[in-house]
Amino acid sequence: MGLVPEVLNKNKMETLKGDYAIGHVRYSTTGSSILKNAQPFMIKHNRLSVSIAHNGNLVNAGKLKRELEKQGSIFHSTMDSEIVLHLLVRSKQEALEDKLIEALDKCDGAFTMLFLSDKKIIGVRDPQGFHPLCLGKKGDSFVLSSETCSLDLIEAEFIREVEPGEMVVITENGVESRRLKKKCEPAPCIFEFIYFARPDSFIFGDSVYQVRERLGVQLAKDNFVEADLVMSIPDSGNYAALGYARESGIPFEFGMIRNHYIGRTFIQPSQEMRQHGVRIKLNPIKEAIRGKKVIVVEDSIVRGITTSSRIKAIREAGAKEIHMRISCPPIKHPCFYGIDFPSKKELIANQIKDVDAIGDFIGVDSLKYLSVEGMMKAVSKGCNSFCTACFTGVYPTKVCKNSRKSDFDS
Amino acid sequence: MGLVPEVLNKNKMETLKGDYAIGHVRYSTTGSSILKNAQPFMIKHNRLSVSIAHNGNLVNAGKLKRELEKQGSIFHSTMDSEIVLHLLVRSKQEALEDKLIEALDKCDGAFTMLFLSDKKIIGVRDPQGFHPLCLGKKGDSFVLSSETCSLDLIEAEFIREVEPGEMVVITENGVESRRLKKKCEPAPCIFEFIYFARPDSFIFGDSVYQVRERLGVQLAKDNFVEADLVMSIPDSGNYAALGYARESGIPFEFGMIRNHYIGRTFIQPSQEMRQHGVRIKLNPIKEAIRGKKVIVVEDSIVRGITTSSRIKAIREAGAKEIHMRISCPPIKHPCFYGIDFPSKKELIANQIKDVDAIGDFIGVDSLKYLSVEGMMKAVSKGCNSFCTACFTGVYPTKVCKNSRKSDFDS
Amino acid sequence: MGLVPEVLNKNKMETLKGDYAIGHVRYSTTGSSILKNAQPFMIKHNRLSVSIAHNGNLVNAGKLKRELEKQGSIFHSTMDSEIVLHLLVRSKQEALEDKLIEALDKCDGAFTMLFLSDKKIIGVRDPQGFHPLCLGKKGDSFVLSSETCSLDLIEAEFIREVEPGEMVVITENGVESRRLKKKCEPAPCIFEFIYFARPDSFIFGDSVYQVRERLGVQLAKDNFVEADLVMSIPDSGNYAALGYARESGIPFEFGMIRNHYIGRTFIQPSQEMRQHGVRIKLNPIKEAIRGKKVIVVEDSIVRGITTSSRIKAIREAGAKEIHMRISCPPIKHPCFYGIDFPSKKELIANQIKDVDAIGDFIGVDSLKYLSVEGMMKAVSKGCNSFCTACFTGVYPTKVCKNSRKSDFDS
Amino acid sequence: MGLVPEVLNKNKMETLKGDYAIGHVRYSTTGSSILKNAQPFMIKHNRLSVSIAHNGNLVNAGKLKRELEKQGSIFHSTMDSEIVLHLLVRSKQEALEDKLIEALDKCDGAFTMLFLSDKKIIGVRDPQGFHPLCLGKKGDSFVLSSETCSLDLIEAEFIREVEPGEMVVITENGVESRRLKKKCEPAPCIFEFIYFARPDSFIFGDSVYQVRERLGVQLAKDNFVEADLVMSIPDSGNYAALGYARESGIPFEFGMIRNHYIGRTFIQPSQEMRQHGVRIKLNPIKEAIRGKKVIVVEDSIVRGITTSSRIKAIREAGAKEIHMRISCPPIKHPCFYGIDFPSKKELIANQIKDVDAIGDFIGVDSLKYLSVEGMMKAVSKGCNSFCTACFTGVYPTKVCKNSRKSDFDS
């Protein structure tokens, strides 16, 4: 538990031996942030050792866990991921891959998972493919990662995305592809494009950076306003802001500067800060803003609290008018698939239905969101059946009433 | 994991709330010293929370674990203690106490255990009562502890020992007594008297200090030798040495001084030092020893390595003759009930059958052990059916061939 | 010693009492990074307690220290800053301010200093004003800081810059202004504008952000080239790149993305990383760069090693042509006033005289620097007598042959 | 700062290079326990590096420090030891040894000191020789230590004690002996024999263990009482108790057992615990004491608070009568030479003049101290002019009114 460079420092790394390894960076959206919930999570059962790393959220976790406990299983974490391992050891199949397929076909929801066993790494994406998983290669070694940007970091070559419902098995003989049995319409998470994925990644068949620029271009087409300059709330709003500036012809400026020395708290779990709207200190450039009519582009608004404090800072720096443009529609509905939104009541667009009223709350002179249609136009290239549940309320799986934290943490 | 005053420092203690608590100080004789093997070990299962602290060793652990894994149980530690919890959740009994009785009746070997559940502490001693457990009271609160010396530390009153096969249940209504179903001849561990228990404790119906003095008196009766002074290897040999001096009329001297500043390493797990023969630095008093014929009394010899280095130091301090007297018989056999002896091959009396040859190895002018009969004479007061397996090889339970560490650690 | 949020964490902050405080963030350019060299550095002498925090470098430190040692002074750090305190306690003046003026008039070089004594904070800037110092106010309290961006962080109001040769004395009666006796031509460090100061600061009478944009504009005027896009090496090159794009009419793109999770090592002292050319991980956006002719704008080149690895990454991402433009002249000479450049031999422009050859080394298709004249045009607004020694070799003070680290560290 | 095995752990030790080293274990009797007061204390001055380790207390420290500060010296610690270094660098002598002799001849009081300079260790004992210093040899290497027990620990050979007023200089050429100029009557601290030195050390020409036994013998001669057993407050009272038992013919028993697991806090500075009367947990053996008339022997009484809590514990364990015998006279006067007694007001024998009244306070049936004459009879063998100031009030040096902590700490 802790920050990666602290947990896996040089000394630790040098003690690690072997040819196969998996790791995990997780905010534990289901299950609290304590040591026993750290992943990868390992079990030894008879002669089998298996570790799991899980990105996503099972929607039928509560039901599965209750059934397993009735049969005498003891859970040692509060993570939904542990369920898969209990299903696994109870499978009568012979081969690990077959046991896993049997176990995973009982699971509903979002699961991008890695398993490490003796001389074998198995990667799997749920049949709807909510979250991304890619396959890379460095020298003779294969790599699996959620996003392609990590392949770049280690200078590995990107081979292809793992497909929804696909299981890839990496051994010394190379990569083998298997299939889960359940068939569904793919439903990749559109919010990965809007905010969650890194701009230097390539997911769901497209460049995240270019999708965001196109969202900004579309935003300028649909919601133009005259102004002296376009700026973003850095860094997440940068790319849509640049798209907006280019399409509108209004100059782009770095109106706010990020303080890099405060940034490290960003991924510390169990702090208020880890939310989407984390309060990273940003300082406006007064001399660039003073007396100007500015367009502020942001990728999304969740609670609205951080945004309104940013707007206040821009106002105090002397902006004459502030027009806010958001490169996605209002977020009104909870996510059951692993994006760590706050509760419904904390989503500002769920509480305030009128967009102008949200603008008043945030303190801007005008506020416009990109429409669902506009968003789809900008996004659609590699794929066109996305999960847009947080915007539309249309969920691609049956959702249990209690399919979230409450099942496990209390 | 760590030393008690470091793990439970003042800051930690102040954060602990509630009216019921259990703790554990353990060298983990079965299962390696890693965090997941730290006790108390807690599970949550359905609406039940149970913690366990275990002193002793189950002799049928391997068999029980294999059966449970076949039925789909996943073990999260390598401790035999976890077995009890898996048996517990599979019991069809209603009440926790009844579930426990059903589970424990399947366990063979030594188990002094505490369980903590919601508003309830349960203490239990195996039917043979290998290790001690006592009940105390401080104000209105009840306390369970292995030894009475801890009652003194917290100024609690000693009420009585928990009996072999007894289960005591502490709730807000007071103490209730239950019984395990299995009936056996009691077999308390005589090595608790010889070395393991603290001298200021009262166990198995007798004072440890006085038993040790009587062992020294008996040793002088059976193995007298003329000398200028009697000294001990401190601190464990002190009491038998004093008994020997008194019975023999030869003056007692503090011939060796313990260095208190090195002592803290004594209970650090996973070091060679934690063994019975830990190398605590002792310094001889040259001026008291030089030119003298000395009798050195020690409670026991395990490997013989530490002893011979002590004898070497006494010799170098100028002793003219060294006669060693041991207040127990030669230790020849392994313990399966929780005393952390080294392997058979490392027990010097197992390897060297002739006592004089052991004396030569250690470097003394003469070596005598107390006989089994002498030991029983000195000990017998509160009880007379002890486990003396380490001396005699007669084990009071059926012992599986692989009933030790190998089952769990590998 | 350590990172500010770790050293001054919440617990520590809560234990600090009093109405006056000074702090320091320093890479200890003279004197090694060990605890006794941490600042603020405090002495107690007779009834006087004084702490010092020093930004800059004294050029006659070696000579002063040798004289003081001959007179019996013992130095307890290897920092040039300690010299001022020894001069101070030897002054025969009565008032602390007068003692300080006497002491500082013996010091040559760059010193922006804060002193804390009983109920008094004294700030001072050397007569040439190499580095910035500003005065702010929050409520009734006064604040001194090197840069105005820290006033923004604590929401304090910017009052004015402290002038070269000025000493400001903050007490409960407000702020009083004094003057050092030595008179010189001001020589503010132009490299503060180029790279060192934060873009959201206002120093030497101008906005750092706007100066950098103007440097980029001038760079485009003097060194235009046709291309598909303008990008920067983030973050330091961002502002000049934007200026270049605007002036040239070539679109600006975020061609490289900074990995925020690696950034924290940036200010750790005693690592190679703390140099100007620190290897912060930057990842190119392949889809934006592939097949394009790109202009890469950087603020400056020091060793050239980091730059060439960035260029390599951009090349591998698929750029067709790379034209590098630097918003300052070649850095050829060492700094004796506190900017932590590497040794002469490590400055690439000192070793390779020909600009095209530097371009070859770095691996670009063309390389152009801004000229000294171009730089002065863009900068000159609030001031026009800068220290440009690192570019021109013209030093504004007499420089001892050994006026750097060697005096103190060995 | 910290415990020796933590500060100088195995990793640290392995990084230490060189052929000369000094160390220090100190409770810093003058100067508070903070890092800058840790010893050895090192200075670099010109080309000279010197470290100092000091046991004892200078009685004219305040006066010397004021004079040095007037001359411009800055003190960086609050330890009197630093004075010697400032005197040293101001000496006009050539050789380090001569500088030191000049500096030390200005110092009054107790100083056993080690100095480390380039390829040279210098040990010195003040002219009155308050505290011990011995010279040993291991292989070809020489060792200096306060007590001989540390020679035993490293298996070095004891050569001789360093004499009062002697300076020994260890270089690669062997040991050379020099003399301080000041001549005085020797005044070794008798309290080293009573309590402070370790029983396994040989100091001031005698065995500490045997002196303590003789003190017990003398105590029995002068203050006999009938009883069932003699016991001590372990460990410091053990040896006198054994002497008492032997002389009186009353059996010795271990009536109290020390808890080794609490002992480690003993030498932690800046805790109340470090006082002579540290509250080490001791537990009485009820079965040995119950219903008995006991003689309790202790080496000394300082505050009386710890003693009375021990007596209370013995009473509660069931003792019928308690007769306390102390192997030294009442401690009535402060020590200015480095023994860390509490203030005058806290010394029970300074506050309560009547011995029986002290006995009442402590809760014993009778209390007897050894007389000054009795003590001298038992001690005198190697030496007969001791400092007995804490018992008699006769100080062997001129004592400044403020010669203690107040000078430095406030």
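Labels A, B, C and D are assigned to the chains in the order they are written; within every chain, residues are numbered from 1.
Here is the rule we go by: a contact is a pair of C-beta atoms (placed from the backbone, for glycine too) under 8 Å apart; a residue touches a chain by one contact, two chains touch by 3 or more.
Predicted model, so just to flag it, every value in this text is computed and none were measured.
J.: Centre-to-centre on C-alpha atoms, which chain is most distant from chain B?
T.: Greatest centre separation from chain B goes to chain C.
J.: Can you compute the centre-to-centre distance for chain A and chain B, using the mean CA position of each chain? Integer Å is fine.
T.: The mean C-alpha positions of chain A and chain B differ by 54 Å.
J.: Please report how many Å separate the Cα centroid of chain A from that of chain D, as a whole number.
T.: Computed value for the inter-centroid distance: 66 Å.
J.: Rounded to a whole Å, what is the gap between the Cα centroids of chain B and chain D?
T.: 38
J.: Got the chain C residues that touch at least 2 other chains?
T.: none
J.: Following the definition at the start, I'd like every touching pair of chains, please.
T.: All chain pairs meeting the touch criterion are A-B, A-C, B-D, C-D.
J.: Of all residues in chain C, which touch chain D in the complex?
T.: So the residues of chain C in touch with chain D come to 35, 43-46, 66, 69, 71-76, 85-86, 89-90.
J.: Would you pull the chain B residues touching chain D in the complex into a rising list?
T.: Residues 3-5, 149, 152-153, 198-200, 202, 207, 209-210, 235, 238-239, 242, 246, 251-254, 257-267, 281, 283-288.
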